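There are two complexes below, and they share subunit A, which is joined by subunit B in the first and by subunit C in the second.
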Partner chain A sequence: MFRNTYDSDNTVFSPQGRLHQVEYALEAVKQGSAAVGLRSKTHAILLALKRSTGELASYQQKMFRIDDHVGIAIAGLTSDARVLSNFMRQQAMGERMMFNRPMPVNRLVSSIADKAQVNTQEYGRRPYGVGFLVIGQDQSGPHLFEFSPSGNSYEYYAMSIGARSQSAKTYLEKHYESFADCNLEDLIRHGLHALRETLQQDKELNVNNTSVGIIGPMGQHEKPISPPGSFRILEGDNVEVYLQSMEKKEEAPAPASVPDAAPAPTADEDVQMSG
Partner chain B sequence: MTIPDMDSVAHPQERRFNPYTENGGTILAIAGADFSVIAGDTRQSEGYSIQTRYAPKVFRLTDRAVLAVNGFAADGNMFVKKVKQRLEWYRHAHAKDMPLRAIARLIQTMLYGRRFFPYYVYNILGGVEEDGTGAVYSFDPVGSYEREACRAAGAAQSLVQPFLDNQIYFKNQQAAQGTSHPAHLPLETVLSIVIDSFTSATERHIEVGDGLEIFIALAKGRTLQGMESIRGLQELTVAEDGERLFVMRRDLKKD
Partner chain C sequence: MDHFPTNWGRPRNDAFDAYATYPIHQRPYNGPKDSFADGVQRTQQPIVTGTSVLAIKYKDGVMMAADNLASYGSLARFKDVQRLHQVGNYTVIGAGGDMSDFQYIQYILEELSIDEISAQDGHELGPVEIHEYMSQLMYARRSKMDPLWNSLLIGGFKDGKRFLSYVDLLGTTYSASTLATGYGAFIAQPLLRKAVEGREDVITEEEARKILEDSLRVLFYRDARSLNKFQIAAISSAGVSISDSMQLDTAWSFAENIRGYGAQTQ
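Take a look at the complex of A and B:
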């Protein structure tokens, strides 16, 4: 293909005005398992599908705490994610030390975006191969940001990244207008439904492969933590109660979920939220 | 021939900026069987002047660890911030709080790292160990440390520590015939000893006074027995099923 001669050097544009190395880095993000983020007026949450290499292996960690008020979900090269999340932690801690207040979330995301941009413009360096969904809370309320290895970052009402994330995005686009007034449990339910859309045939969300990150006031199934509202990750048995609250995968009537055992071999119906 | 009087002879003098100063105050910690009490007065002074009547010297590190710092206040405050940052890194790496004896060792390495320009701080770390026992660790400015049942440090150390040796370790005191000294004291007794230590120190030492802050760390599952009558008790922990941490404040004489 034509692009082969322009895609080895980070510092060479293609005739179409593209940097292919950066685009290949974005491919690495698309290879990672899915992560979904969404927010309401009071909360911002992340949901991630954890992958494991086999039955004997553990599930890859997808979520990191950055500070009391910021957390991230990753998709792509986990090793790059650790380096960048370490940098974010240093930035957040440094701001607290210097200015005696938590780092504003947009400033924190900009700091890694600027750091990632450097790797798209220097000879011999490769872009980071990981994308983040960042949730945080500051004086202007809860936020959700996407960070990508191109050095771009945007704020979103809802977003998903990783493998088959388009299916999740379709669900989110359909329902996002109702998110603002959702309570935490309904917001998580929406997120789980969106995440479920990214699953392959025969796979399901369970306590081993699902991770939920929350920022905002304590929900009804949670225990108090200090400081209140800070970022926390729910995994394992803690996720069970939310998985139970999901609608069944087959088309279900609007109110209660009917325990229909017949599997759906064709494409999933859009899930209807009750109430 | 007169012998020159050394005081009137001119000789070279080196003038140098002194990086340290003494800010007075006193701290104290006592360990019980399943609790630990860490206290400090709130006066900060320099020479004969009071800088402020309320400058905290005792800080919560985790739900089960409290650090009291005394000596040079600027070094004390900065040292606490740096310890808290190290605890935050531990939390990021391990998703849980650092155990108390690990914090004690960490403090030693942080202090010794500045062996040749020390933090002019006498640290006392108090709290609950992983095994549920009350603990007190005391440090010198370059990191020498030891676990003890009780320790006082600061301006009124020489007034308070002997009192503690008598009341906590029962030194120079014989138990009544047929009885023996209790191995551990109850919380109410310990709190009385703490308050009396500070009121007495305030009477006789000019650098001690204004206010008293007392932190009480309780082991997991320990009831609030002995604390019902304390007024102004404030809980710092949120969960009720883990270790619990409380703080109380009292006034001390302002003269």
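Take a look at the complex of A and C:
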């Protein structure tokens, strides 16, 4: 009720000490379709559920390559995602030019976090409406980071963002301790199980709506790539073999999925501008 | 007739340039002037200079040597100058050429190191990164026609790998297991190559030191802008160590056999 008077300006705190515009921006991230990230000692992977506006349309791209050693999955406003990922590419490229080394992943994520923070403090600017899961590898091994429009970034063993991501988080919390020693195929299988949790009733993962991003050495089913394993995206038929490896879902009726802030009665009515 | 009022009353030659077409007509400029920029001068020549720097790869790492002289033209002016500078925990940079530009380079690298240290995330600048940064910097300055008038050797040891490279005022870079700048490139390089090439993984620290000292001695005999007081830096898995200044022993007694030496008449 009262929060409506404190939520139109970015630079106004509410009496509870909250910035409502930033929180609304986080809502935009929750509107996007789910993305899941997890890592082991050797690999870090991203899995994303792609949305399409209808049968005639293509599926919205959810993953971007930033550099050989960094890739991202997005949830939220795709246009904001393009701007921020372009900025990340410039930063990574600049580091290679100036220092002849791949940009340390934590510094790359900090650079967009600092950039996003500016938009939460300046009058007249709106926060970015997109969240990222960033995977990368550098001298200290593979990493997974989450970036959110509030300007916060954290490193995780496993994380998910987007619509119905809480269900995926529940799965990840149950299994994350086994991830460290998984091989690539098992890691992808865990990720697909987690992603499956975010689906609505009667939907399923298929080669059209699933994409997998990988950092780390070559897996069993991949065509030869040189170590240390640059970021690559698997889509379409390349994903089939991993989808086959999933275990059948239990038929026990799942409790009604966590009610979202916005109603979504059928898939086609999902918000169109976000991916 | 001449149509341009600004040419009336000015010298012109009706015979070949009736309309005063040359020099090209320009409106007088009365706008804001940047008198500071007008007075800026770019580096035209080095003033206080250092001479050769030598470096070789050896079994445990990289060794670099330079004398302690900064000359003011032909005057041996500053005789306790350190031309080898440590950057971070893995790199040494040695400079010949203009010493004030080298001091500026040291300042820049110090700032870089501070930023890297404050990140505190386990990443450190090694010789590869320093060399790339310096190459970009030197080339950018040369492209602005305002060079940092130096020839630099960058040597280091990180992650089990030796590194040795050269970059100069033109932005030229190269890498080898023996490098030398200035007069050293002509006089010392053949000596270093003979002693080192093919044996980089065999040469011990003592032998490496001797190789560099012998080359420095030859340079002191032959380079008229050198000094027999020098330092040697060794970079290995144990880190960076730059020695204190040492004296080179030399033998000048051969001079007495030269006709016309000293008070001799024949």
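Assume the second predicted complex is superposed on the first by the 247 of 275 C-alpha atoms of A that agree within 3 Å, B and C clash if a C-alpha of one lies under 4 Å from a C-alpha of the other, contacts with A are read in each partner's own complex, and residues count from 1 in each chain.
Definition applied: contacts are C-beta pairs under 8 Å (C-beta built on N, C-alpha and C of every residue); 3 or more make two chains touch, one makes a residue touch a chain.
Treat the numbers as computed from the prediction; the structure is a model and nothing was measured.
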{"item": "Fit or clash between subunit C and subunit B when superposed on subunit A", "value": "fit"}
{"item": "First, second, both or neither for A:Gly32, with subunit B first and subunit C second", "value": "neither"}
{"item": "First (subunit B), second (subunit C), both or neither touched by A:Gly131", "value": "neither"}
{"item": "Partner chain(s) touched by A:Gly191 [first = subunit B, second = subunit C, both, neither]", "value": "neither"}
{"item": "Partner chain(s) touched by A:Pro102 [first = subunit B, second = subunit C, both, neither]", "value": "neither"}
{"item": "Partner chain(s) touched by A:Ser140 [first = subunit B, second = subunit C, both, neither]", "value": "second"}
{"item": "Shortest CA-CA distance between subunit B and subunit C [superposed frame, angstrom]", "value": "5"}
{"item": "Where subunit A meets both subunit C and subunit B, residue numbers", "value": "97"}
{"item": "Residue numbers on subunit A that touch subunit B, as the complex places them", "value": "64-65, 89, 93, 97, 223-226, 228"}
{"item": "Complex interface listing, subunit B residues touching subunit A", "value": "63, 81, 85, 88-89, 91-92, 95, 236-239"}
{"item": "Complex contact set, residues of subunit C against subunit A", "value": "119, 121-123, 125, 128-129, 131-133, 136"}
{"item": "Touching residues (chain side subunit A, partner subunit C) in the complex", "value": "97-101, 104, 106-107, 138-140"}
